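Structures for review follow.
First chain A sits with chain B, and in the next complex the same chain sits with chain C.
Right, the complex of A and B next:
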């Protein structure tokens, strides 16, 4: 971060110009907005509608935050008040200014947005893991000892939301923004301003989310099931709803942007057939997100209406129904798992090919399997409602669809194992994480079958088995995939080399701690422990204690990682431009990556996995064009 | 895998002369470990799985064991080939040479799809069949128990006996008599579960959901738990259910103000 080019930095004469506009002025104006909106609405409702006041405080905060951070400055100056401007000022208006403060401004450069997402993801993971350790602490002993049930429920809910949000953005945010445009040979995203908007929307939701702590928390867990969420009297629940609404808007905008970028900004020769698998993974993921997240948004709007305006979408006594919420929620909730999974799986394929020095085994087969997963996973949400008593006639189709997903997932494993097989397997930290991911993904995937199968779900639903299963898929598989990408792209994004010994230590602590923790919880689930237990019953005490002890290893791994990142940023070795010998385009540009990425846009003549063949991937536009060296592979 | 690798071996870089047949080795390791694994699953299942008190619970435990036994070779396939690759094909330093590219033969995806598809279809058909068996039971002398959930306790009514046990910490069921629970909720969503009987269904406000007819077969004491997060004291929503002899049940139901 210290080597950013400062050529285009606008000279700012004093501190005031430095802070305005930036996130600081955004926060100042946002707080003013929150107070003003709150006072006005409180006066209108004569203090009778706490929820209305709280929601309007949040709305005021978000609107004025965006004014304060200068989201409208460029638009306003260009549209209505354009005077004399130096090229540097023009760049600043476009959100392309340089210097350290660009990370705290409404900057549109995709690399800055990627870095912002990366920092946010890591902070969310850190905070979310602290919640996890509090949960393990409480569950280490029978009875509610360390926290009251109310505090415990809030911790579980906050841990859930932080982790789910972090894992939704963890790959598509940092790497989808920083790496993806370079990978397809573009100078920026298709809608740079929208890109900044989607990041800062996410940012603006953070204070709202944490404000729940001052309003009594929320009791519903991350799923926010109605009518419990409507019945809840403290306004802490409003914070949950507004957070989700803003987050869903942010994710939808980001998805729109990524899809458009990949559709229109691919460089010459970057056909869909030559598109790196990582790009496929991200595009499929955000396409799925485009159908999923608006539903989540709607469901929370409905909950807020029930809470603020006393409508009754979900109140049975007035004609509402809680199944409506469950369906809306899981229509988002299950595709969302694949929104998280697809980019991580794609990272794994990318990393495996590079570190095996071998082309992806059955590349089209792999892409086909990712596409198939995307299609199938849009229609599996009903398996969360097997025991709900609603729509029993649909149980069989949901079950069929869910289990069909195991076929393309099997192809994913075939492709990765085939890529490893007889490769020059250079076991680095990213590859270790891919290995861990594959092991955990097998366990997570297979236990998913137990929950998808009607007779076994009948005894496992709502139990600790479910918790252990989705931690194996989301954490053991997908977060491991994220860390593979993190160690893989860190040298490109930050220009420094993470310490590989500490990286390996991180991996082994995480892998052993994670498996110990959640294999114990599988057992607790099998013998009948329900989820969300503030009060662990005596029969499950041993399994929970073992899980909590193993969680200490995970905690150690968290602090090892923090230490590694901090010392690397302070005094790490400089990384090479092509640190690992990758063949995708991001490794062809210098580190740190210049503002517009490429001096000349490259022309692509082959797939990026042509290991074992002498032709290079890309030529400068001036360079001689070579015919595509790879014929379509004779497969499937 | 087999075809794929043989094809790869014929690539440009000839393998060393005494290069072992990696594929055969890996497959042997896989088969041996799978056999051991399946045997372990079958032996250990009876110690790990919870005791059951009904036919339904027995079927559920059998299904769990069957799924796990099927899963063992699938998981070991990935584990063995992954570990083998990372240990045997490992290079210490940044490789200066690329590996020989491997391409799957056209038949490989088809074979792979056939195997995974067959497994998958078996699971679906088996699951549907087992589920149908579990839910299709009918009987003439079913004991109906009306379960009402509220934050944070269960109430049980025995309409056939004219008894109710609102707020009681314990209910009883007669052994070997089919029972059916009609479950509803007074406030928010709850989940009604008795693991040993294999009963689990949501308690929805404003709706009555009916469980499968289940016959408790073992006298003993079991627990009712709430399995949907229902607010503050969700994890305290426990209750005892005792399966007792018919005579004991009759005297208990009388003590609750009902008639046998």
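Right, the complex of A and C next:
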């Protein structure tokens, strides 16, 4: 591998070069594109097809936004330039010497993309949790309080999509981009430009998603079920469809990039058997996404065709069928739970090993169980159609498949508890979140068995029990896993140490608030409260009031986190390069991590959890990993 | 603010070894094909499922028709010619270390352009024959024909970019001739997927 010194060649860009291309030029051109496309299509359809106009506005926005931000420059260059990009141009594209402004450009450095994903995830979580709080406010007592039923439904749908999107990207986006390449000893992702594209696709979907508020919202909830989504709804539904299509494209690009990176850019000695658990979790998750999300994309293309071109994929009167939507949706929708779960579970295993100062118990068993979950999860979507009246002959196989997943999931608990066992446990904020995740995951998992079983699902489906179950699984388990990773890798990513007291306060407020809220909703579901109801009926008032009061604690925990992040960035202590004494490669590089991560690529000679010996290899041995100094790095 | 949001300024750049570039390109394209193939399978499964359900006996009503057979057959032949010509070019590039017979590539690209334009024309003509609101059969056929047209258009764009590289002599450069092979994966896949979708539209 050749090294080229180009330090002197990189020029500091002037103001024009800073703005063009950047997010500013992207937004300006995007707005122009939206207006032009909208006017043209409106003229062609003579104002008779509102959906066509709205969709063309979105297409104009996305296309021209990407022209403006410079996404096509690399494509053009690939085909028509006289030569390949020079090393200096590559470094400029990676954001060299551009300071904070590189976060607002089409920057290819994987760490920049990781930080962009982290900021976006946190903003989504903040907005989504505020939506959740509005839902709990509305449901705190019977009758309409603040919102009309239609507005309430839109808030529920937006909360759902925001949280689902945020939880899909929450680990693979920030940590999969920032940490994963360093963990495998790579200098960047396999396709840095695609990496930037996957993030900016997500970004371009944000204004489209929120534009639904100006077009009447989408009262279908996050699932966007047809035929409701294709009948008599405002153009707000188009925003949902286009958002999903762009998001599916974004995750597909991110997935193929991550898988390729791990396949071809592992450093010498980093065999598949030595890959950290976290890398396994992310790779399996994105592989699952790669095979699951295209069906979701196609389902939304069909919905848009039904709405814009008057096709009838889902209209029974013309030979269409709503079951088609349900199959396409849940073929993505159930694996999607594991797309979220696998990397979070892997983070938990990673954090547990570090803070127990032990190798992961049954490491191969754990990897095997993650692989098994990946395979089984692609075969269980039919349990979402138990009560739809579709193909009852398949209910038993789906029931069996779904319950089989509990076996490899059980191995995950066994592996973590085995790791704690006789470990030198160091109770830190990340480990608190792992503990919370284990407790909540037991509740979420066991209540899931009742929904996997057809006889009990017949009673419980469509009720608050389901809501409480999937919140325990996705939030109580997987979002807790994300926060374990957030507190664990924050010092490496941001170079500052989050206040541990505020971190612990965040954990306890969240844990108590979450359990109080959703255990109450389990009870409400058991006594028969339906899920999709804007107004609470009097028999369920007490359970809902308790849930709403506990939700105040969750909201408080959100503000504690925001405060902690802000004061840490402003005046927090500098973190050590190896803050926790971790053995994986990201802790061997300095903080801030330099562009291209490693001066010389490391050679790996052992598994990453070798706490039995102080160093994997004698420090003076050829190819030995040099641990980062346990002192703050000089400021850049 | 003194955090990692700032960066170190003294850097070097490190170029990837040739075998890693090749592995990266192959793996990336194969992953893209895997994902796209799931989309194709989803469309085929959707059409087959609606056909099997035949909800209210309205899936396909009297008068519903697929695209005419002969134009579809001609497009399939054009695609096969394009694929064979591309294979010829790719083989010559491999054998002569980048200096391939460029006429083969031009033939491949021209036939791909003809296929994309032809498929678009077929889709437009077909939709003119349908009356809104389309029933489920017409919906499936519409999706298949336009999806194929979009697929072929994307391949044409890739082909034009590759033509630019060929004309600039950037496929001939040492270590760059693998690009012909990697683009070939997508080229052949598109042809197979398009013919498969066309055959499906005949039997659904």
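Please note the rule applied: the second predicted complex is superposed on the first by the 573 of 636 C-alpha atoms of A that agree within 3 Å, B and C clash if a C-alpha of one lies under 4 Å from a C-alpha of the other, contacts with A are read in each partner's own complex, and residues count from 1 in each chain.
Rule of thumb we're sticking to: contacts are C-beta pairs under 8 Å (C-beta built on N, C-alpha and C of every residue); 3 or more make two chains touch, one makes a residue touch a chain.
Since the structure is predicted, the reported quantities are computational estimates derived from the model, not experimental observations.
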Which of chain B and chain C A:459 touches, first, second, both or neither: first
Chain B versus chain C as contact partner of A:271, first or second or both or neither: neither
Partner chain(s) touched by A:323 [first = chain B, second = chain C, both, neither]: both
Touched partner set for A:427, first chain B, second chain C, both or neither: first
Contacts of A:494 with chain B and chain C, given as first, second, both or neither: second
Which of chain B and chain C A:99 touches, first, second, both or neither: second
Chain B versus chain C as contact partner of A:569, first or second or both or neither: second
Chain C-contacting residues of chain A that also contact chain B: 316-317, 321, 323, 635-636
Chain C residues touching chain A - in the complex, by the definition given at the top: 1-17, 20, 23-24, 27-28, 31-32, 34-36, 38-39, 42-43, 46, 49-50, 53-61, 132-140, 142-143, 160-165, 168, 170
Complex contact set, residues of chain A against chain B: 144, 149-150, 153, 219-221, 223, 225, 227-228, 231-232, 316-317, 321-323, 356-359, 361-362, 365, 387-390, 395-396, 399-400, 403-404, 406-407, 410-411, 413-414, 417-418, 420-427, 431, 435, 438-439, 442-443, 446, 449-450, 453-456, 458-459, 461-463, 523, 526-528, 530-537, 580-581, 611-613, 633-636
Interface residues, chain B side, partner chain A - complex: 1, 4-5, 8, 11-12, 22, 48-50, 57, 59-60, 63-64, 67, 71, 74-75, 78-79, 81-82, 85-86, 89-91, 93-95, 97-104, 106, 108-110, 112-113, 116-117, 119-120, 123-124, 126-128, 130-131, 134, 183, 187-189, 191, 193, 195, 198, 200-202, 204-207, 209, 223, 225-236, 238
Complex interface listing, chain A residues touching chain C: 1-7, 75, 78-84, 87-88, 90-91, 95-97, 99-100, 102-103, 111, 115, 187, 190-191, 194, 252, 255-257, 259-260, 263-265, 290-295, 297-299, 301-302, 305-306, 309-313, 315-321, 323-324, 327-328, 331, 492-496, 569-570, 574, 590-596, 599, 635-636
